[in-house]
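To keep things simple, chains are lettered A, B, C, D, E, F, G and H as they appear, and every chain counts its residues starting from 1.
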Amino acid sequence: MDQLIIAGEKFESRLLLGTGGVPSLEVLEKAIAGSGTQIVTVALRRVEASTSGPLIEVLERCNVRLLPNTAGCMTAREAVLTAKLAREAFETSWVKLEVIGDEQTLLPDPVELLDAAEQLVADGFTVLPYTNDDPITARRLADVGCAAVMPLGSPIGSGLGIRNPHNIALIRESVTVPVVLDAGIGTASDAALAMELGCDAVLLATAVTRARDPELMSAAMRDAVSAGRLAYRAGRIPRRWHARASTQLAGLPEL
Amino acid sequence: MKINVNGSGADVAEGWSVGDLVRARTGEQRRVAVARNGEVVPRGEWEGTPLAEGDLVEVLTPVAGG
Amino acid sequence: MDQLIIAGEKFESRLLLGTGGVPSLEVLEKAIAGSGTQIVTVALRRVEASTSGPLIEVLERCNVRLLPNTAGCMTAREAVLTAKLAREAFETSWVKLEVIGDEQTLLPDPVELLDAAEQLVADGFTVLPYTNDDPITARRLADVGCAAVMPLGSPIGSGLGIRNPHNIALIRESVTVPVVLDAGIGTASDAALAMELGCDAVLLATAVTRARDPELMSAAMRDAVSAGRLAYRAGRIPRRWHARASTQLAGLPEL
Amino acid sequence: MKINVNGSGADVAEGWSVGDLVRARTGEQRRVAVARNGEVVPRGEWEGTPLAEGDLVEVLTPVAGG
Amino acid sequence: MDQLIIAGEKFESRLLLGTGGVPSLEVLEKAIAGSGTQIVTVALRRVEASTSGPLIEVLERCNVRLLPNTAGCMTAREAVLTAKLAREAFETSWVKLEVIGDEQTLLPDPVELLDAAEQLVADGFTVLPYTNDDPITARRLADVGCAAVMPLGSPIGSGLGIRNPHNIALIRESVTVPVVLDAGIGTASDAALAMELGCDAVLLATAVTRARDPELMSAAMRDAVSAGRLAYRAGRIPRRWHARASTQLAGLPEL
Amino acid sequence: MDQLIIAGEKFESRLLLGTGGVPSLEVLEKAIAGSGTQIVTVALRRVEASTSGPLIEVLERCNVRLLPNTAGCMTAREAVLTAKLAREAFETSWVKLEVIGDEQTLLPDPVELLDAAEQLVADGFTVLPYTNDDPITARRLADVGCAAVMPLGSPIGSGLGIRNPHNIALIRESVTVPVVLDAGIGTASDAALAMELGCDAVLLATAVTRARDPELMSAAMRDAVSAGRLAYRAGRIPRRWHARASTQLAGLPEL
Amino acid sequence: MKINVNGSGADVAEGWSVGDLVRARTGEQRRVAVARNGEVVPRGEWEGTPLAEGDLVEVLTPVAGG
Amino acid sequence: MKINVNGSGADVAEGWSVGDLVRARTGEQRRVAVARNGEVVPRGEWEGTPLAEGDLVEVLTPVAGG
């Protein structure tokens, strides 16, 4: 079987789903089912701000692994403390580590991110860092012991797809841990491309939760990730400048 | 006793513990996490942790997130 | 149900498979099964040149509609006669009309193609023309009564994907008959993109038959076409220059 | 009698029909199509169509194709 | 000297300028001077509709060759008659042949275009046809005796640049007459790219005439065409997947 | 006048030229003249390894500002010491700061780079850091006092052009110091695009020094940078999905 | 005499030539071209070409164009 | 006295200064920079800086660079 393995844990699905932006919990439940995902991200906020009702009940019904994030943190200190609070709340040492450098682009801050990753690995966390598409930063994150690296395709929620496929391919070359394409996916072909570039999985939220029909899009993403993975394993044909006949010329009649 | 909870001032009775505060703030207590003055207060220590004048407390709960 | 309808006939699968380039009939049978296709292209050659053994038995076992092509023809006259011979041989009036203008690029000749299409429609054929990605030529082919138009993504067998998505989208705007992306597909994301652009189906051969593992790639293409179609129906998110948070900022703790 | 079949010269007996030629050229006759001097010869007319000196005949059969 | 030669006539400038869309004749005169062009397109309209005042005086002052177009024609007949009227009015047998197939995309109609080109060549015109980016149509236009072929980069006035560089390169391979990239140029890098692909010249109007500062943009296009041509002649470096040091490693100190 | 200003110093040319890879000093002198550059990079190596003969005499004849680099350094410590040695040798406090994280991609290491930049700024250097295309890292480099930021288009010497124009545009938005596109330029249109994205200058070496004809390519790059800058200032036309006629329809005759 | 000029009906005197019409329509006559009933009327034939009832005439002049 | 110059062992006379070493290594001394044991030796201090057993010295000169 072709399974995704992160920190020794096996998954059939190579699609991780973010829950942000869902219009309702009903839609979320359908999207989780439609996507076939086994890993779903969640966050922590002040009790007064919680509007999502019995989110946890829904997620428990879906029987998925919860992956808390540190969204909104801008320093290593905040991110580390948020990760520890999430460990308390969700009883998991897995964390999607986000340390943002800018509120307009929500791009990660490499220095703070590396610092936080190092601290959390030392504290026994299974760290999945959201990073930019720089191969050097990705390799350093792997070097400090992250369980995977999660480079972006483009800014969170932008739907701009994979802006620099070359870098994603270079990241795939430069680390041995799983590479999860995180952020920027806009539609199915973006997710397929990520897998064709050698990514082990794709994490997306907005592309599904804010689509006109989230349930339909969740199925699209399930198939796209499967398609891209199968194509990667099948070995695509080389690109050719000119054409190559797909019907033999031999035996062509003279009419 | 004046403390700060989730960014706003709050007045709580002398001797209240973190556990008392959590109960006062949220019915559902599963999946709740508490930070006090920049440190996590593990669930197991809620009852045994008294609040003190000027404490900065964050009581957090799950939300959907990307 | 979301069916493909060509000339009044309904199909569950939106993937048409060309059989050229298959290493063996065993592989072909597996690829047809893996792809889920219901329409398969075939050709006619002199009896001495036939190397493919009991091709017809295999195709009949697969229970697919045969779509004969006119590959290798360079004039309307040759193509029309070839279509008539194919109608005799395969007992079908459906034809994938190819009239090539150049042996190096195998690009269609618009003038000869339109001429042949007009003649064959008048003779009662169901004409599916392989055309370039020019919206005007596509509209003219529809105007003369073709049952679908099949614009290329890039030259046959090149694996260069869809070189001009803008033209494919313009073709989708300009005709009401089904649009089938034909030729140039290299890998799964190309097929998904075709469907996202509004194509009703994808026709490919080389991408599967010459892949390192044709059976695996046939499944990749099945999923890619499904993914692209679902995404098209689901309505993708708009592209944004900057980021949009997928986790609410409201209730962010001060840590 | 000299004719041209599938691009090469061939010598066939006087009075041979298209049907005779097809049988001579291929065992499997289903899915076969024949052109004679640039015109299709429908299967139903094979036997009734005699060959003539100098005929250009194409006898075609299915192959895999893109 | 590296001159552009069309129908035996030599030009120092490889930029042809369309005059449509200019805010004023003063701006036009500055743009012509700034661009360094030696060939300028013009059109014919009913006397009542002429708003451009002493256009001809201006163009005569600029001492440029006039290239009348057949813009707006949708049939070969209209285009041929318009070309003949232009020959009368402008006393030149040169014509930019446009036969449009669709008013929304203004894309050329290959069938009508080839018909008109053949008639005009027979009548002694020097025919420069505006065509799509199909290599087969381009070759056919050259075959009927056109003095150049002028494939589009993208629709007229769209500013979408060169949508299919591969086709432009294939056209360059397939004809010996000059190739002039016509239509779709949005900014300087588009014009440079056209020349790098092997085009002999670039024809543009909107990119300059509707720019915020037409005079400045005309100079940008002059330099862009020069840059692209020089780069084409200089022979660019190959693309490499990995890096290649531009500073020697030999003699690197141990610090 | 539209001058480039770095650290208060004014330059007419917006092209910085690297000298690595030149076949000979004669060619270098011609390339410097052809490019019109006023800033040229140089390096330091052990005396035994110096093969370039009277390099300095040539550069002094060209009357250009020397910009020493720290190529080959992989730690902040090495880079800082190299910068100080260069200050001794070249009697300039300007430095092109390079701290590489990987010998195969030669991509910068953001952490070491920021560390070195901070130390050198504190020591009074005018620091021009070669960085990746991450907007956050670029902003941090500006924040620590760098005189400019020099993001890459793609890996050094790869000729892959600007892989992520979106990031370059985001960098332009996020800093006020000059942005110099450094590394990856393959041909003229790449350099023009860099300027159109809002870069203040372009630094390139391999594209000129390893071109088939370096002198010709140096002139191409001079014109390309000028073209891109003029286009940026002129304000390009918007992109449109459909066409916009460049010849008026009003007054079109009925023929 | 009723004719059609540039898409609108016009009433011109008997015996008018194309030249008369052009003069009536435009002061500047250089760079002008005329079509009559779908045929070009060369400048040299303007004066010698009488207009006839129902003629369709186009009198054209240069404009800026792409 | 054994030192290391530019990565290889070298034997220099007692009392040699950095200046002596530079002169021995390169005719052209303009644009030369020297590091000794990881520190820059400014040109002005070359003569006054004696070499010591085991010194690690780098004598550097300009080359073309990207």
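In the analysis below, a contact is a pair of C-beta atoms (placed from the backbone, for glycine too) under 8 Å apart; a residue touches a chain by one contact, two chains touch by 3 or more.
Everything numeric in this text was worked out from a predicted model, so none of it was measured.
The chains in contact with chain B and with chain G alike: there are none. Between A-B and A-C, more C-beta contact pairs join the chains of A-C.
Averaged C-alpha coordinates give centres for chain A and chain D that are 62 Å from one another. Centroid to centroid, with C-alpha atoms defining each point, chain D and chain F lie 71 Å apart.
Residue numbers of chain E whose C-beta contacts span two or more other chains: 18, 20-21, 43-46, 48-50, 69, 71, 81, 85, 105, 107, 156-157, 160, 166, 205-206, 241, 245-248, 251, 253, 255. Looking at chain D, one finds that residues 6-7, 35, 38, 58, 60, 63-66 touch two or more other chains. By the touch rule above, chain A contacts chain D in their complex via residues 245-248, 251, 253-255. Residues 101-102, 105, 107-111, 114, 132-137, 139-140, 154, 160, 163-164, 166-167, 170, 174 of chain E are the ones that touch chain C when the two sit in their complex. Of all residues in chain D, those touching chain C in their complex are 6-7, 25-26, 30-35, 38-40, 42-43, 58-66. Against chain A, the residues of chain D that register as touching in their complex are 6-7, 35, 38, 56, 58, 60, 63-66. Chain F contributes residues 18, 20-21, 43-46, 48-50, 69, 71-73, 77-78, 81-82, 85, 104-107, 155-160, 186-193, 196, 205-207, 209-214, 216-217, 219-224, 226-231, 233-253, 255 to its touches with chain E in the complex.
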